[in-house]
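Heads up, the next two complexes both have subunit A, just with different partners, subunit B and then subunit C.
The block that comes next holds the complex of A and B.
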């Protein structure tokens, strides 16, 4: 029994971080219909911002988190203006954005590898290797802090979307772009800001990931499958869905890891991706995909 | 005759594609209900989209209260006082009824004024108050259409353009939709409606406009249009009608 509780606790602790990693992807897809294959590479960039803050000035990843968010948000604005805005009117928007985000991921990976080499990195603040004990169950401090921080950030995002005027505009654009435009929403501005927020969330996730996982530039390919499975299981574009899927799959992966070994736990996400696409392509909270 | 909106010989189409409208004209008089009819592909919806700024007008004139609307964006046309309710999915399905009403007043910046206007709408359409916290997408088709149409009244517009509001609704519900349109007209809103069911549309209208192949064939008082032999031919005789 204690073993079961332990597995669930470890799964839940990581679930929050996965949720934050996936929510930016989900937001960008929801508003812009961009499947941002570069999202994990942007998370990776956030992790390097935290790493160098820690390495050079001994700054805690939690201090670097807002810095990474600002730097990544600026990157997001730049990417949007240079790469995606001109595609907005393209008839082949979907194909083009998939190819472009793929290219952006390659460029980021190459730039990070050139600048920082392919060495495995991890930030190592004291709490990263410490743990709380409740009876015989242990909770890794780093994962706990990262999970709680992730939930707080996602909660703030949810409040912003639910109650602010701009949040209304973002939700309306996600659900019915044409109707939003007809009611006076500047959908181009909504696209730009949502993209920047989504990429800023990648920066925040990267800072937290920097002490939860070890990382190197090409590892983002491993993350994309994980994030895709969260977003697809949750329902494309549903942030709540992404969060629920993150906790669900994270706990399942923890069980798989316990019974079959750590190498198999990643397989959980890949399998989930396949099964969901076959059985329920709209995911938990998504709408039925339209044929056409 | 003082026209509120005068559309003259408009040519327009989607993107760089062929022109769908090839000389469409409409005269809109204040306080009246105008119904645009015509066979499938005549350009009825396209005409409304051209007026509201969703499509670029390539030739012709659109004058509203004397000012040209050509080249304006949808939000600019909206601020001038013309609301457009597009076909079928005009709502935000995963926002509540109340949130949908707030979106109706998105262009207003004074939130207390907005909430007061929403209260007025809810007084007029109590079903919207009953369903306030329900997601719009979970309501019946008729209720959704009620919301879409009532929502335009928040801005107190001069003209509301409705693109086939009866589409996909049961006959009894269609009657309700036309009832709401009457309520709007009585509130002083000028209506421009596109209707597939020509007889039904004209019966509820003051003015009829007949469109075919992107051109205005003729327009006139609804009763006259209804009785015109050319309508009989277009809809009941020679040409097949779906």
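The block that comes next holds the complex of A and C.
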């Protein structure tokens, strides 16, 4: 019994981080209909920001988190202006953008690997290897802090989307781009801002990931399928769905890892992605699949 | 006037008209060029009498391997418009099937290649039945997930050596001739792949695939069995990729997950087709030549695979943004395609 509680706890602790990693992806897909395969590479960039902040100046990843968010938001604006704004008008848009984001991911990976080599890195603040004990169940401090921070950030995002005027415009654009435009929403600005927010979330996730997982530039390929599985299972574009899926799959993966070994726990995400795409392409909370 | 025409007359008139169209197109085509190219490439190993040109042979062989794979990918990705980022799965399946048979039974992979292609094609057919139910981005994502699943599978399958793979015996030929069997195998496969690509493009099947890529719903309502067409296209493209994988394993003298199941290989296939012009016969071949030359240039001058990845991504992004039709497609649209590149 204690073992089972332990597994659930570990799964839930990681679930929050996965949720934050996936929520930016979900936001971008909802508003822009861009399946951003570069998202994991952007998270990786955020992780490097936190890593170098820690290595060079001894700054805690939580201090570097806002810095990474700002740097990546700027990257997001740049990417949007350079690449995606002009593509938004082309036919076969969604398919082209998948390949484009894929190309962007390669550029980022190549740039990171050129600058920092493919060495495994991890940020190691004191709490990363420490744990709380409740009876015989231990909770790794790093994962707990990261999970809670993720939930706080996602909560702030939800509040912003729910109660601010601009968030209202973002939600309107997600639901129906044309109708929102007809009602006077500047959809291009909404696209730009939500893309920047999504990428900033990648930066936040990256600084948390930097001490939760070890990372190296080409690892983002593994994350692509992991994040896609969350977003697809949750229903593309639904942030709530992404969060639920993240917790669900994270716990399942923890169980698979416990019973069959760590190699197979990642397989959970890939298989889930595969099965969901084929059985229920709209996912748990998605609307009818217009592109599946 | 029209009332006296019978159906036969109308059909005959249409057939005659179609023949004039074909004749007009034939005039714009230069059949001699691919044949000359084939002859030149077949004669190329004679250089070995004059000195050591192993590196040149390797480059041509490598390019030919990609011509086979990119042409295969093109049947699904170019004609039918289903972009797969997971075709290296079939490269691996072909490579492992033939490689294991070669290691255990000693049958040359060159003989096994068509069989390995069939195995890959069969697997492609079965995977296609599942994944081709979704379209667009979802299909692309499912193909990525497939690579991850298959890679974990191969890395943990002890019979095929897990992550360490299996090493294969090298052939006993003297060093200047050692590459030749593979060279000719790839040359034949490339010729067959291009010929098949041409035949498919000019068949009812190819027309159906192109209709699917333009508008699947309309294609279906026009009476095309879209599901069967798509899955068959998937199987044929997997066949060619698997065949290339079979010989590639023996050529490298080892099979290992990280030579087949790396993302760069499937990206290369996609990129060659996009750069050359997807949906054309000559496009993938032209793209293969350019990308291999380019990769080689980068690795030789800068010597870092990280920069190679960066540059490949950059080219892909630029090609997608500014030449989505590719070189052959763009030139053809502007009616400036030189005759020797018109293989359609």
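Assorted remarks:
Basically, the second predicted complex is superposed on the first by the 289 of 292 C-alpha atoms of A that agree within 3 Å, B and C clash if a C-alpha of one lies under 4 Å from a C-alpha of the other, contacts with A are read in each partner's own complex, and residues count from 1 in each chain.
In this section, a residue touches a chain if its C-beta (ideal position, glycine included) is under 8 Å from a C-beta of that chain, and two chains touch if they have at least 3 such contacts.
Since this is a predicted model, take the numbers as computed values, not measurements.
When the two structures are aligned on the shared chain, A:182 is found in touch with subunit B, with no touch to subunit C.
Of the two partner chains, subunit C is the only one that A:225 touches; subunit B does not reach it.
By the touch criterion defined above, A:155 reaches neither subunit B nor subunit C. Looking at the superposition, the partner that touches the larger set of subunit A residues, subunit B or subunit C, turns out to be C.
Once the two complexes are laid over each other on the shared chain, residue contacts for A:102 go to subunit C alone; subunit B is not touched.
Legend: residue contacts after superposition of the two complexes on their common chain; A:86 is shown touching subunit C, with no touch to subunit B.
In the superposition on chain A, A:66 contacts neither subunit B nor subunit C.
According to the touch criterion, subunit A has no shared surface contacted by subunit B in one complex and subunit C in the other. Residues 15, 52, 54, 74-75, 78-79, 83-84, 86, 89-95, 99, 102-104, 106-107 of subunit B are the ones that touch subunit A when the two sit in their complex. Contact residues on subunit A toward subunit C in their complex (touch as defined above): 35, 37, 83, 86-87, 90, 94-96, 98-100, 102-111, 113-114, 117-118, 217, 221-222, 224-225, 228-229, 232, 263-264, 266-267, 270-271, 273-274, 277-278, 281, 289, 291-292. Of all residues in subunit A, those touching subunit B in their complex are 91, 165, 168-169, 171-172, 175-176, 178-186, 287.
On subunit C, the positions that touch subunit A within their shared complex are 83, 85, 130-131, 133-138, 140-142, 144-146, 148-149, 152, 155-156, 263, 267, 270, 274, 304, 306-314, 316-317, 320-321, 324.
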